[in-house]
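In the two complexes below, chain A is the common chain; its partner is chain B in one and chain C in the other.
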Partner chain A sequence: MKHSDTIVIGSGLAGLMAAYTSVRQGKTVTLLTTGSGSLSLNSGVIDVLGFDGNHEFVASPKEGIKSLPEDHPYKKIGMDMLEKAVDEFLAFTKEYGFPYHGSLEKQIMVPTAVGTMKPTCLAPQSLDGAAFEGKSKVVIVGISGLKDFYGDIIQENIRPLLGENLSYEVVMVDAGLEGGRDVTTLDAARWLDQDKGMAALVNALKPHASGNAVFLLPQILGTSGESVAIALREKLGAEVIETTCLPPSVNGLRLQKMFHQALMKLGVDIIEDTKVLRAVTKGSKCTAVVAQAAAREKTYEADKFILATGGFYSGGITMREFEKPREMIFDLPVWFVPGEENWSNEQLFSDKPQGFAKTGIRTDESLRPVDDSGKVVFDNVYVIGRNLGGYDFCFEHSGNGVALASAYKAVMM
Partner chain B sequence: MSVCYKLFVYFKEHKYYGKQKLSGKGEWMMEKATVVVIGGGATGVGILRDLAMRGVDVLLVEKCDLVNGASSRYHGLLHSGGRYAVKDQEAARECIIENQILRKIGKSCVEATGGMFVRLDIDDPDYEPQWVKGCADSGIKAEPITLEQAFRLEPLLSKHVVSAYLVPDAAIDGFRMSWQNVESAKRYGGRFKTYREVVDVLQQNGEIQGVTVRNTITGEIEEIACDILVNAAGGWAGKVAALAGLEVGVQPDKGTLLAFNQRITSHVVNRLHKSSDGDIFVPHGSITILGTSSMSIPDPEDTSTSREEVENLLSIGEKTFENLRDYRMLRAFAGSRPLYMPPGGASGRGASRGFAIVDHGKDDGLKGMMTIVGGKFTTYRLMAEKISNQICEKLNVKEPCRTAEEPLVPEVAENDKKEARKYFPAYGTDLAATRLGPERFSRVVEDLKSHPEKRELVCECENVTLAEVEEIAKELSSFQINDIRRRTRIGMGTCQANFCALRSAAVFAKCGRDKGAKDSLGQMKQFLQGRWKGIRPVLVGRTLREIEMTRALYELSFHVDGGKKA
Partner chain C sequence: MSETMNALQKKAEAMLTADHCLSCTSCMSSCPVMEASKEYRGPKLVGPAHNRMRFSQEDVEESLDFCSNCKSCDRACPSGVEVSTLNMLHRAEYYRTHPHSQRDDMLAHGERMAKRVRMLPFGATFANLGMKIGKCFGIFGSMGIAGERDMPAYASSSFLSMFKGISQKPSEKKVVFYPGCFINENDPEVGVAFVKVMQKNGYEVLVDEKFNCCGSPLVVTGYLDEALEHAHNNVARILEWKKKGIPVVACCTSCSLMLKKEYGELFDEEEMKEAATNVYDAFEFLAMLEEEGKLNTEFKSLSQSLLYHVPCHLKSQGFGTPAARILGKIPGVKVELADAGCCGMSGNYGFKQDKYEISMKIGEELFGRIKTANADKVISDCGTCRLQIQHGGHVEPCHPIEILEKAY
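Presenting the complex of A and B:
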């Protein structure tokens, strides 16, 4: 039977950050994961807090967090831990060659696939809308046959945001990817990973390049790191910037790849394709978890367990019948908003948070699960990321920030 | 107060229009038709087709898109009549006759699933012989089968089934059937206008002069002159009649349904008991619809559904299929049946599912106005035939009705389909052929052939190509993505528009004729909001998962709400 200091369950952003932080603290870490995590669906930019409870834009996440309600995960995590988590993450991305930048003081505006600008806190340079500043020409670059990138609507919607004093054009580039199955951003990114792809793109865009131009591209600037973005910027002598996109999210995958490289290097035992079924407990302690491997069940012991299995999307929390939510491994008490009228808002895109989205586990200040009376359920189980209750990550634009900060804190406890 | 009535009052008060203008300077070129039909549901389009085929100059007006009311908000069951065999044998007989006719004229709209009636151990055993006799008396073939056969045909059936029969029920696509009626009518010169709400009925000296309609998108008012006005507004028929100062007893009766993301049954499965809520399952393509409830409501616009209604349907439905709750619900939806209430009649399930034609010339002294109410989708053609006969008599048109013989749309040539299979996703060809009809289909195939990039799927769930979406987006009757949805089925499958909302908004912005099409963010939001309405009441289980993704993509990653804010 295998014993580790820490077991992390789940390999989304929260799980990966927890495993990384933990191994850096000198712990032996086992990461158990069913699938490949949700980063291929995640923009991979770190939103900390974009909008407050009244849906007002938050100019400084650090300030905005102060006005959040007491039961919000950030309030349990605390500003100190959030700041340290941000520092740890920025240092990690720098060390492993795909640096993010930004700070808790202000927002970075990221262009989206529909031509809006989305606030985030930390992002790689290739997604930072600051590139538009002081420029006079926006060249929107489409790739022939690439699905889910529509230059025309981006142009139409981004114009009022950036201003009419800039000029706009849409340029289509033939990457020779057509003729087979649907072409995704990942296909185009792989094309640009190769020298001949890069050369072809530079050739096609060069005539439109000038020092005061910005090229706005789908998320295709390489499958890892920022080398493709840097090379293209140099060769064109102009700014290049990517949009967020429909899945697969190339940027989410870049971040995932970098985490995997770090975890492998640092000796984290990553066990994939294994579904944790239940916990073995003794009093208020968890001693092990039992997981389903290919042929049989396997038991993993540890001193500390970090739960990062996600919410409704990833199946960490389910609700087969109304008002009966379940956490699937430890059977932890799951908090939810009762009453049909509070469960969801009439508008999908609403001016207030959606009740159902706040479903999750409540914790003490150390991020250990608590029951309705506030009593800690397990002394050595910590809950992070989307498993946490009390916040609507879509409404607030806060998901990845909560993931990073809660992961960091759980490790430090 | 309904929107319709509020507008009516508003325009009356502001003298925005009226007979003064109509008879005043006479400078307007007024649109004219011999017959104007109000209501673009199955009955309305059936009348449009019937009259057009007999050479009558006919125009249909609809306040929304076609097939937006009860003609699509039902379970899509082509009744064998078995459901009415005990209570209402006249309706049962009409059903079985029309069932055979619709299979013949609307081949591509009917999925010949067959139907099964099952009695559970909790159901009244005395009802069974009555039902068997009722079927025999109504001419419906009800073939008893053994339980072993029943479980082989429907393996998920509850083991509490004690007897089973096969009947000639089928699934029918209300959207497609109705649009094919319109296509057929157009070939004979029939016209239609959508998003035109009737706000006044024009009459002079006890005779119909025409109607005033408001364009619900632009707000423009126009008048249409006619000799005969047909009120086929379904649940709204009472309101339309009121505009003419008349009273028609129509009780909107709300039926709520659930759509599941799987094909739970392969037959239409009915409970063999006295008709009740939640006792019919109808398989359609890759989904199953469970319905319905029956609730009298004051306003036919009320298509809201609640968790309570969903729970009711589930708890009854799981008697027939015990594992029902393990299937993902796609959405809940509701429509209002236009139940006809003759003075002193019964309501709800007690009310007749039969139909009635009111000649207001005879009954109320308003010459040229008629109302048709009641009935059900299965008998829409018969209803259209009956009222069209009366209209033709008034107009002295001798042409007989031919709607029961002539197919709705010519069949798509096998050669075209063969060609199409080279470009279409394998099983998408026949679906697209039936959705599009021969002319559009051959245009789409040509487009796919010459523009390989248009083979891309806009909607993977329902296999809809870019070429097909463009073809429909270009039509003058497409004002919103939802209008394209009803024609192509985009956004109606597993992902409930998660992926096609962006794509269709982009296509519509490029190809749409209406200027509103350019507002891609607004269109996208409106489209997703339409899906949300049906998802909210079933926001549980795996539906939660799907909506987390919708929000993460559109609210978080695309920030569609943020065009102006940040």
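Presenting the complex of A and C:
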């Protein structure tokens, strides 16, 4: 059997961060994954904690975390590990050429595709709404044919947030992408990867540029790193900001690409298109996992297993029968909010949490799964990211923060 | 709704997976054809979304023609939708009511052509000459075949005839080698290297002349009925060998994927799934020997840097890249993964004149990687990937098994 020090299962942000941190610790790492991971569906900015339990805005994630209930994943992870995880992540993004910035002390405000501002903790420069500060003109840039980015809606919503003392205009740019299929941000980003796309955009925007203008664009400034954003800023002599957008998420893909490059360089053995089916256990130890390859199963042995299969949202946990959730690989005990009436609130987009969203695995302080009595189920299995129970990442805006920090801690245990 | 469609809906497992699509766009982000051409509406719409529409009406999605069956979408899908297989089933349905071009007939039936050529004295020589002349006079171009490419030349003797001349040490441990069309007709040295490698590992290699083309070129050009005939023949043969306890091993990753996975997805017959369990990719098999501590690792030193382009159809087999690990054990050998996505060739896709530009655009990243890596040798398990690497990367690549053979 193939033996590794550590096996990571899943390639969303939690899985990638766990594989990266682990290989940096000198471990041999095998990453088992089915599907391309959730980063293409994820803004790729790191929300640590945007809102508290009463849905009040949290100005400082570090402060906000203090008031979270004891069973929240952050309380198990601890502030020390969260801080180290943030440092590790920031250093990683710097080293691999697409630096994120921010800190646990305060939020970065990121513009969205409907013209609202959302809090996040770590983001690349191109998404940082701080660039609006001190400017007198906002130029909203639409791309002809691009779905889900409408300049007028953005203007209507962002005006009251940034103030009426600024001037606003909407400029439409023809990227020559129409006439075939629906145009996505990824198409436009690929257009800007090319010199001629960049030249065309600069041409179209130059007449609107000035030192006190900010260009607000959909997430199209190149498919990797920040070189396109830097070049555009220089050529226009003005600030440029991207909004978060609907999938495919260009920024999530940039982050995914950078992680992938790092893992390849550091020698992580990535085995794609293989679904882990079950674990081989001996008492309270897991010795191997069995994964489905074409036509046959393969067994992968390791000393340590990190479970990053995405919980309820990605099939890591399922519930075929009400109140009988199942973790699909290790059959770990899954915690959930009991009672049908507490399962969900009727208004999906309200400011109330969803009971179902808290479904997940409870752990000890080391992030090892525990049963109802708090007893550790497996000594060498660690649960990270959306598999963790007890928090509603949508409501709190804490998804990628929990992913990063739990991944880091699981590796260090 | 046609009889075939009814039959397919009753049968094909792939059809059932379409309803697992959540429209999340993961497949769109990873589709190399979408990246190269805005005319392709993409896997999500053309595969599962369009499949839903078919329940209500007969409908033709023009851009289906752009899918290359590289299977990047299937690998990206978090929900197990067999997107590319849906596309191939839809393509087959289209060609039930629409005529095939002469070009597609030719590209799909390489095996038939090769058989004719091999029947003539000096057939391969004349056929190669004919292809050169044909290229000069633009005959292939007028048929809709990319005139920029050389058609793969026939080897002076096929693998199966060369095999007869190899004297092997007999062994109780045996495998059956499935050469597939490309290795048999165009690149027999790969098969010869495989036999030598297996001999060094104490195995005797058998062949089965009753095997025919796996059907991959037929599936991608919409000749599904013929592909099913091939599947029935090959599956029956594989099951015969299974009864004897002898595994079937292939060096071509598109052949092995077809035998192991695509038959089942396309036709969903139980025997196909049973046969699949007796089929292995060559390095998958060697990796299993390695795991049992039975791989002969008495390697000579080779002093070579290798750039490894992992074929899409190997990635879709879900066992990683054991060739990189095994070759990495040879003293002096350094293996680097190209990690440059799809090469753009996708079997016969890149040979189509109207897809040539897309094919080359997809390959750009790999070509660039080959240039900057400056490795001693580029390796790839897939025959048509190697053709693309030769054409666009301007190097002479080989199969990883040929490197391993040199190390013994």
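Assume the second predicted complex is superposed on the first by the 410 of 413 C-alpha atoms of A that agree within 3 Å, B and C clash if a C-alpha of one lies under 4 Å from a C-alpha of the other, contacts with A are read in each partner's own complex, and residues count from 1 in each chain.
Just so it is clear, a residue touches a chain if its C-beta (ideal position, glycine included) is under 8 Å from a C-beta of that chain, and two chains touch if they have at least 3 such contacts.
Because the structure is a prediction, the values reported are computed rather than measured.
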* Asked: Can A:156 be said to touch chain B (first), chain C (second), both, or neither?
  -> first
* After lining up the shared chain so the two structures overlap, which partner does A:41 touch, if you call chain B first and chain C second: first, second, both or neither? -> both
* Counting only touches as set out at the top, which of chain B and chain C does A:315 meet: first, second, both, neither? -> both
* Asked: After lining up the shared chain so the two structures overlap, which partner does A:147 touch, if you call chain B first and chain C second: first, second, both or neither?
  -> first
* Asked: So, does A:354 touch the first partner chain B, the second partner chain C, both, or neither?
  -> first
* To do: Please determine whether it is chain B or chain C that touches the greater number of chain A residues.
  => B
* To do: Using the superposition on chain A described above, determine whether A:399 touches chain B (first), chain C (second), both, or neither.
  => first
* Taking the superposition as given, does A:116 touch the first partner, chain B, the second, chain C, both, or neither? -> first
* Looking at the overlay, what does A:343 touch: chain B (first), chain C (second), both, or neither? -> first
* **Footprint overlap on chain A, where chain B in one structure and chain C in the other make contact** => 41, 179, 182, 247, 315
* Touching residues on chain A, where the partner in the complex is chain C -> 1-2, 34-38, 40-41, 177, 179-182, 184, 186-187, 190, 247-248, 253, 260-261, 264, 269-275, 291-296, 298, 314-315
* Structure fact -> Touching chain B in the complex, chain A uses residues 41-43, 47, 50, 55, 57, 107, 109, 112-114, 116-119, 144-145, 147-148, 150, 152-153, 156-157, 160-161, 178-179, 182, 244-247, 249, 311-313, 315, 318-322, 340, 343-344, 346-349, 354, 356-357, 393-395, 397, 399
* Asked: Can you name the residues of chain B that touch chain A in the complex?
  -> 306-308, 311, 325-326, 452-453, 456-457, 499, 502-503, 505-506, 509-510, 518, 520-521, 524-525, 528-529, 531-532, 536, 539-541, 544-545, 548-566
* **chain A-facing residues of chain C, complex** => 24-26, 28-30, 35, 37-42, 45, 63, 74-80, 257, 260-261, 273, 276-277, 279, 287, 291, 315-321, 325, 337, 339
